[in-house]
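Each of the next two complexes has subunit A plus one more chain, namely subunit B in the first and subunit C in the second.
And now, the complex of A and B:
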């Protein structure tokens, strides 16, 4: 499935009354990759994911998951056998015990791996006999993750999986996501934790106010995004540095700070043309890119 | 336990960081001819990075001749004479850098200023650096 797309949307949109939760989203998620879906709270991440799974209907546009139309009810049911999904609110049956919940879920899926389920039950330190309704929020999240990770899906969709987990559990979670990817699952996860995405994702999609602002590989992002800080011999006009790739310029007298998504070489050359006294080039982390991108919107 | 440490915010693709660290380990002798590296999935889980990162680093190093991938058995280091030559280059470079740093310190520069100067110069692509 190399290079194949596990998720593809076409102008996918969802409105609630006059509020546009998702606007004209063209998303393409590749197989054999970990894709981070980054956005602020309320950016439209969960709405998008629910549309992908056929849980809510798009107002306009459409898409496919594992090649099946997301608005096609029968296709959807088949797709769900090959997709593992952890919802944002981690819904579970409150009256069941942990063990009953696991057995109940296992009965639905042909790809259930009992050995993984047993291993995670121990690692997550979940009490098998406790009723779901008496579990803490963190424990409930762990149980929801166990139910998804115990399967062997083609696509794993996780909506804010690290929400409510402590740092040790988050580390374990990221490791398990990497392991799932290693077994061939495409992983698509939403998060507002930038550091998580930056560590394990191959690809990052930034959603803000329902719009896709950025969809690029982390490799490309690391290679091409730079901040270039200059000190010039005399005050410079900002427009001199408006060249392709430059996203933002701040000037303060003879100091110029350039934020570039690429083409840093041209900025440096321009700086030399102006006989810059000092040229400092620094890499830009995903946090800064996220903040700059969202601010522009 | 692993020798490698990848820095997600360093402005360099993670697979390149891993390649450099494996190369460095071979040049310094930390990794010897015939040594086995963990499998792609194992190392990815250890480093908590995407398996694609490890796969790409391994495949590029295989291309360079520093690694040999054996089906089902993992990756093996093969240190050739060229690698040893590189070791000498690295030693020579370190001596040069040491002298330069000493000189800069004598000129009154703080270590932090020296580090920033090095980092800034390294981020300027080679093509432009030559022109200057």
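And now, the complex of A and C:
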């Protein structure tokens, strides 16, 4: 499956009345990779995931998950056999015990790994006989993750997986996600925690107001995104630095700050043309890229 | 395991309804067999008391059938677990189907349970018991009354909110009962004589004639079936 696309959407859109939750989304998630899905609250991340899993129908456009059309009822059912999903609100049956939840979920999947389930039950310190309704939020999240990680799926979709977890557990979660990808699963996860995405993701997608603003590899982001701070001998017009690759320019008198997604060399060259007094080039972290990207939108 | 989930969801409702539905049988156990001396030689007074015991259970059963039909995916949406159920590799039709299947079994068990208790009481006391009377009562109750269960399934597929569906389901039954009682051309919709058997039982012997109201039972079951199919269609189209 290396290089193959496990998720592919074409102009995927979803409207609720006049509100467009997702607009013309063209998303591609590759196998054997960890893809981080970033966006603000209400950006359309969960709506996109729900469409991929057939919980809601797209208003326009379509897509495939593991080669099956998301709008095809039977195809979607077969896809779910190969997808492990942890929803944002970590839904579980309140009236079941931890043990009952595990047995119930295991019965639907041929790829269930009982030894992993037992191991995680111990590691997560989940009480098998306790009813789900008596578990804390963190414990419910752990149980939801156990149900996903005890399988050997082709695609793991996690919606805000670290919500409600302590730092130790978050570390364990990130390592498990990396291990799952190492075993051949594609991991697609949404998060508000940019540091988590930056640590483990291979690919980053940024969604804002239903639009995909960025879809690129983290390596490319690290290589090409730069902040260039200039001090010029005299004030320069913003448009002088509007060259391909420049995403945003801020001027404050003789100081110019350029945020570039590439072509930093051209910006430096232009700065020299203006006899810049000072040129400072710094790599940009994902947090800054995210903030700049959604701010611009 | 879907049946197991459906059972866990409904077991308390089922057990409470079972306790309530056995109350008339309990009364029969205590009072139903104490007949006056001139009645003892005839079996019919026993059959009359068994029938009245059944009428009490049948009233409870109608409410129980509604309670058992409520719930499902739309209620799960209100409680936040629908996305777990819907991402299982199972079709929505099967999800509804299994839930309906478990509900039908439970409702049927509730129709049979009082008669099992009455049979045991009669055997214990050595008093007459008519298997045909029991079979007819169970058939009329479950066959004729399953429409209550199906109506609750349908309401639960349409109405969101934990308590709204309950209120609407009981509202529909009460309204239908009031209309069928007071409006002449709607009298055929009154299911009470059918499900209790009061419209068909011989008032002398309290046994049933050989020709049961099959067309009414069939009509009621057909409407119930249509309601279940409508529920499946609604759930398949619904967004969660």
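Simple rule for what comes next: the second predicted complex is superposed on the first by the 297 of 297 C-alpha atoms of A that agree within 3 Å, B and C clash if a C-alpha of one lies under 4 Å from a C-alpha of the other, contacts with A are read in each partner's own complex, and residues count from 1 in each chain.
Assume a contact is a pair of C-beta atoms (placed from the backbone, for glycine too) under 8 Å apart; a residue touches a chain by one contact, two chains touch by 3 or more.
Since this is a predicted model, take the numbers as computed values, not measurements.
Residue contacts after overlaying the shared chain place A:123 against neither subunit B nor subunit C. In the superposition on chain A, A:103 makes contact with subunit C only, while subunit B stays out of contact range.
More residues of subunit A are in touch with B than with the other of subunit B and subunit C.
Look at A:56: by the touch rule set out above, it reaches subunit C but stays clear of subunit B.
Of the two partner chains placed around the shared chain by superposition, subunit B is the only one that A:201 touches, whereas subunit C remains out of contact. Look at A:87: by the touch rule set out above, it reaches subunit C but stays clear of subunit B.
Looking at the shared chain after the overlay, A:32 reaches subunit B, while subunit C stays out of its contact range.
When the shared chain is aligned, no partner comes close enough to touch A:166: not subunit B, not subunit C.
Residue contacts after overlaying the shared chain place A:174 against subunit B, while subunit C stays out of touching range. In the three-chain superposition model, subunit A touches subunit B and subunit C at no common residue.
On the subunit A side of its complex with subunit C, the touching residues are 50, 53-57, 73-74, 77-78, 80-81, 83, 85, 87, 89, 91-96, 100, 103-104, 107-109.
Residue ranges on subunit A touching subunit B, taken from their complex, read 32-34, 171, 174-175, 178-179, 181-183, 195, 198-202, 218-219, 222-223, 225-226, 264-265, 268-269, 272, 279-287. By the touch rule above, subunit B contacts subunit A in their complex via residues 8-15, 40-41, 44-45, 48-53, 116, 119-120, 123-125, 127-128, 132.
Chain contact summary for the complex, subunit C toward subunit A: residues 1, 4-5, 8-9, 79-84, 86-91, 236, 239-240.
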